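Labels A, B, C, D, E and F are assigned to the chains in the order they are written; within every chain, residues are numbered from 1.
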Amino acid sequence: MLSAMKHVTLLLLSGALFGQPTPLTVSAPPNQLPPSVATRLSPADRELFGKLMQVGLETAWAAVTSEGYPQNFVNELTPLHTGRRMVGRARTMRYLPNRKDLRDKLYSQGPQLNYRSAEEAQPGEVLVFDTGGESRSTVSGAITTTRFLMRGGAGIVVDGGMRDVPDLRAMPMSIYLRSGHASSVSPILMSADYQVPVRIGSVTVVPGDILIGEDHGILVIPASIVNKVLSTALSHDEQEEFQRHLLLQGEPLPGVYPTLNETNRKKFEEFKKRKK
Amino acid sequence: MLSAMKHVTLLLLSGALFGQPTPLTVSAPPNQLPPSVATRLSPADRELFGKLMQVGLETAWAAVTSEGYPQNFVNELTPLHTGRRMVGRARTMRYLPNRKDLRDKLYSQGPQLNYRSAEEAQPGEVLVFDTGGESRSTVSGAITTTRFLMRGGAGIVVDGGMRDVPDLRAMPMSIYLRSGHASSVSPILMSADYQVPVRIGSVTVVPGDILIGEDHGILVIPASIVNKVLSTALSHDEQEEFQRHLLLQGEPLPGVYPTLNETNRKKFEEFKKRKK
Amino acid sequence: MLSAMKHVTLLLLSGALFGQPTPLTVSAPPNQLPPSVATRLSPADRELFGKLMQVGLETAWAAVTSEGYPQNFVNELTPLHTGRRMVGRARTMRYLPNRKDLRDKLYSQGPQLNYRSAEEAQPGEVLVFDTGGESRSTVSGAITTTRFLMRGGAGIVVDGGMRDVPDLRAMPMSIYLRSGHASSVSPILMSADYQVPVRIGSVTVVPGDILIGEDHGILVIPASIVNKVLSTALSHDEQEEFQRHLLLQGEPLPGVYPTLNETNRKKFEEFKKRKK
Amino acid sequence: MLSAMKHVTLLLLSGALFGQPTPLTVSAPPNQLPPSVATRLSPADRELFGKLMQVGLETAWAAVTSEGYPQNFVNELTPLHTGRRMVGRARTMRYLPNRKDLRDKLYSQGPQLNYRSAEEAQPGEVLVFDTGGESRSTVSGAITTTRFLMRGGAGIVVDGGMRDVPDLRAMPMSIYLRSGHASSVSPILMSADYQVPVRIGSVTVVPGDILIGEDHGILVIPASIVNKVLSTALSHDEQEEFQRHLLLQGEPLPGVYPTLNETNRKKFEEFKKRKK
Amino acid sequence: MLSAMKHVTLLLLSGALFGQPTPLTVSAPPNQLPPSVATRLSPADRELFGKLMQVGLETAWAAVTSEGYPQNFVNELTPLHTGRRMVGRARTMRYLPNRKDLRDKLYSQGPQLNYRSAEEAQPGEVLVFDTGGESRSTVSGAITTTRFLMRGGAGIVVDGGMRDVPDLRAMPMSIYLRSGHASSVSPILMSADYQVPVRIGSVTVVPGDILIGEDHGILVIPASIVNKVLSTALSHDEQEEFQRHLLLQGEPLPGVYPTLNETNRKKFEEFKKRKK
Amino acid sequence: MLSAMKHVTLLLLSGALFGQPTPLTVSAPPNQLPPSVATRLSPADRELFGKLMQVGLETAWAAVTSEGYPQNFVNELTPLHTGRRMVGRARTMRYLPNRKDLRDKLYSQGPQLNYRSAEEAQPGEVLVFDTGGESRSTVSGAITTTRFLMRGGAGIVVDGGMRDVPDLRAMPMSIYLRSGHASSVSPILMSADYQVPVRIGSVTVVPGDILIGEDHGILVIPASIVNKVLSTALSHDEQEEFQRHLLLQGEPLPGVYPTLNETNRKKFEEFKKRKK
């Protein structure tokens, strides 16, 4: 996806500079961090999250893959919202089919993990629930999520179900799930593990991973490579912005995409200069 | 879900009384009965449907379950609309795979049941079609549903398909289905039984059941317990409204949710008084 | 579905002529060809596409079926947009699981078929990708589709995945797919065949077929029968418009639908005259 | 499938008459009615069941389809045994998701229908349970089936689950199901309707239907056409036996199958005479 | 299922004592512990496993459920063998989608868990692999399983795949899986956790759990209740043996099953005495 | 899998040489080419097929993968037989959903491709039918397959259905399919393409590919690399045979598998010499 900045640029370029009367819309509107998150982030995170909101999801995917992580995109869940990008850090939980002896043992050690995670969440975090795809139960609902919002929560990812779906849909938060249900957690499920690696779809999510979610899925970026990924991807985005600009002027694909020919590569260098 | 009344209250409380500058939206807008239904209901039903529009779906589910009905939530279908609550009484039909001998016998006794049910429907009813999940055929379309609308029809629930989906989507009605198709009923299906218990997803629906549907599924309430369920659930909704209010003020979960501590329980008593 | 013209008529009739104070909305808004397509079509196609935008999908399905094509409706894919009708001519491609020897051979003969098809597309065409339902890969994304838009492309149908979903959603184009992904085509898939008969869902699509897509699926019309289908279906639409009009006046189904009785048939003849 | 008689004939023909040293096995061994059924049938049924054991399943399917029943083959279930043909008359039951009010009402009227059906079964009957595909529960087990066996029961068809699978597998009976489970009927299911039309896979089964089951599915024959179907199919089997015989002699397909040429048709007439 | 002892008894009773000429087979042959397991068990375990081989699976399920464990039966996997009962103690592992950073960390701490578990297994153990249902990869194959056999391994349960299926099928061991594949563990999966609670199908399995597997699924018994379960179930088996005996004599279900009437209850008391 | 030769060797070694009283069976019986195939192969193919019957499927998979073909194993189909290895060369066909205009055109050019392929098949070939997973129709049955057997046909692979399953099961041939049905090809499907690359499960099969099938799937080997694959795999099989032999003597995994330590590597060199 083109970044927010590019989005604006493109419209200006194609609409104004090149005099095309009715410019085609070919990219989504810019992404915005919800104020409930933005106002609570540290300055360092605000800068990081700004870039994560701007980077192309597909170029970031390519960078993550070329770093040795080809299995890091979750596309098995359904987002509650479209046209909204999720950016955040993973706080993970594993849920298991309910079982009396283990449940008694686990719950004697503290509250259910949906309560604990909402309460302990740091600004910009995403709660990640692995329930093995269970669709007859839920892991959380609107009230606990209200607390999570007040803590600066950025999103929820559940390989399973949630309740209170219309309320969740009204919240300034990104939520991905398998299905909704009116049920509570029990009697089908119980929370078991906190902040361990979990499976979401066919991807392993580790606590602290950086997540970028769009309509069609969630990219999971190991924290240790996020800066490298951003740098590579943002640089590639710049070229894609230029390629799209050429196409909107009516140029054919050969020579433009996927690879610029020599003429266009020179134009691209000028394009980059002009933008600065 | 919070009720409509609570929704308004909450905004007032958090926005005005407690001086929070930009209150978070944490609940869906109030539900409204479509005029085509509301104007045709009897006074008694208008009162009942008013409460059904207001009650929390999840608290109602809990009350239904505690009455001995743990298998009464359908989450296997897809709603045509989001952000719209369905409330109504079930009028049921069973469809079967088409078969010449049986079809000849059944159809000699009267018209297809989609016609009959649309014509006989009472205001506030929901047509419930059990087709065993068949996705290559449909049970009804926009024209028959127009008649159903004129009769005060409130919704349609099909464990199968419907045609004319864009028209259906434009109607003031709630519709849940497995899939759409352009096909007529035959040659795949035929209508077989009228006003008998049917299976929708993994739930048995009986004629006269009260249905509450939201984005994530449909709660099936036996008519004999609907008053008890409403009373229990509405009372619990009041507490959840207060709990959400406390959380929006910044209080942590412990002491607030799922259980109020003593201090907050006293505050809740005052909260209830103030509301009257 | 009722046609655009009928839509307007109906509102006038039921709202103004018959004095019903708050007319029910029972049909979707009129369909419109995107300017990026309309402005590029030949005069002959502009007329044809106009009718295709207007005809009822279900009546067209019935006409196609009665011509001997009962397996011509695709309802296994998900549209990126609702409330938008797709009309276009099929340009087909077959993708296969990636395999080094065959890929080397195929790609030595020319570019990937997503590039080639976008570049060669004629105004009003729909790119049709058969990938066997593969959900872990994609066949194309926003940049190539930008070129396709500039060529007057009307839609994309993929029995598989696409990337850049938010950008695609912003475009004036109709897109049907199984799933989204951030991945490129390889390493899972490769393009193999161009302009051959392909399987989409449970339907065979042949290059040059006329496609009409709505929220609930895509009707595949062999080019050789499109005029006959349009003529039959538009004539039947006129009757359905009248039937809906009677129902909105409060008439019961018997005598109106599915078959007009003698009285109503006479009224229909007058209705048709009045409209001219 | 070739009939039992044909099977023997073929081996004789190809092995002895035509001197082929190691004849290929190209048909399954002859089918046999279990003694527990055979000894309890009426003379008329013994003759009928004898033909049903002998007729080709595919030729019978073709005859059923040409009589106007194209949707009468169940291939969604799994047989507990392979190499065993089931023949019998349907005794049907419909099970529904459990629900306290309805269950109390139904069970006050008599025992669960698995008990009732086993007790009332006539020799040569097949119990047919429609549970909507439920895999977390069962409808019956080995003890009730023991009683059914003692009554001359021929088979069980469940669109759902059974318990005691190893015991069932040891019994001289044909059983088709979705899955096994150790559970009892409740708390998931309850029996609801007896001897009504039911849905098994995508087929409607009516009480009294004749069922023929093999490894790959169950043909459902309306009782009223069974004699016509047998007559048509057995006659066609005779030709297929001859065709296979020609192929085993080394003749090529053209002229033999699917249609005999004139020379082979004459040979077929002689073949039929020789067999009498 | 009837136990081994009961099986023999029944045949004697019905065949010899009661003079029925051709007794029906209504129960599976007795279960036997493979010598590779039996010879390696401790005396205490040999006695325990003997009872576990003998107890009815369905009566044990009922006892487990009545102890408060209604979600303890796995019926989502496929056994490699039919007619073979698995009995053993769970040794559990969790596998996750492969991911370079985590894999490097985990594998630096020791060998893959399939190697470790085979090497550390105690006689009578069952290796339990949770892979989240992954079908494109495997967790182990014939060579590692050979070592596990030499250690007295009793079975393998994989919510995923194994390789070398024909060799595994030849081994004196019970194996349950989702699918086979020729692939190694990587690049799709990696082993992550050892001897932790895992999810298999919709059941939580804890290290040390007692497993009983038959053709149709696996009962998971918490170690702490195994003696109580055995005692309850074996006692109930005795009654079922008597009930089946009565039915084989031709008695009808009422008065026999599911509940004995007074006359039959007295006969049962004598039956129990005679057996001692 | 261990090869046939190794199988025998192992039993001798573990049973006789090393004096273990009751040797464990840890590998499947040797594979055998059916006489109907073996007697018809050319000398060169007889040698090749002999090696293909002997090589380990998993070691061959590893060799194919390391040659650059990681997506060449089909595990989505069900074999009609277990314990039988299929070896053969692919003859491919593509079937499409039936459609009158295209069917008329295709069938005017020659017979249905199941007839043509059976008639043109060369000894040792496997017919490969791509039908897109269609389960409501079949591509061929017992009579056409009889002709194919007479031509030396080795197997059939259908991503869809076949009829006459009991007869097919009786034949000396390996068959893989999705499901059985009693139906003919039409009216659901039609044959479309002959000897083109096709998709089976998630693998591309090219005419002339070498296929090895076992209980758990089919390895697809491009003809150009088959000799290299065999050479690599057979050499690795020899080591696996030795590793299994060490384990059967009671050695632990470390030092034996997956990697031999220095001591065992020397023993392996002696083992290889002894075998010659």
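Quick note on the criterion: contacts are C-beta pairs under 8 Å (C-beta built on N, C-alpha and C of every residue); 3 or more make two chains touch, one makes a residue touch a chain.
Note that the structure is a prediction, hence the values are computed from the model and not measured.
Chains touching both chain C and chain F: none.
Between chain A and chain F, the least number of touch steps comes to 2.
Should one ask which of A-E and D-F has more C-beta pairs in contact, the pair is D-F. Taking the mean Cα position of each chain as its centre, F sits at the greatest distance from chain B. With chains reduced to the mean position of their C-alpha atoms, the one farthest from chain D is A. Each chain gets a centre from the mean of its Cα atoms; for chain A and chain C, those two points are 32 Å apart. Chain centres here are Cα averages; for chain B and chain D they lie 43 Å apart. Centroid to centroid, with C-alpha atoms defining each point, chain A and chain D lie 54 Å apart.
Multi-chain contact residues, meaning those touching two or more other chains, do not occur anywhere in chain F.
Of all possible chain pairs, those that touch are A-B, A-C, A-E, B-C, B-D, C-F, D-E, D-F, E-F.
Those residues of chain B whose C-beta lies close enough to touch chain D in the complex are 68-69, 71-72, 96-102, 132, 134, 188, 192, 197-199, 202-204, 206, 222, 224. On the side of chain E, the complex with chain F involves touching residues 35-36, 111, 115, 118-119, 135-136, 141-147, 149-150, 161-167, 169-172, 179-184. Remark: chain D residues 1-2, 22, 24-29, 57-58, 60-62, 73, 75, 82-83, 85, 214-217, 219, 240, 243-244, 247-248, 250, 252-254, 256-258 touch chain F in the complex.
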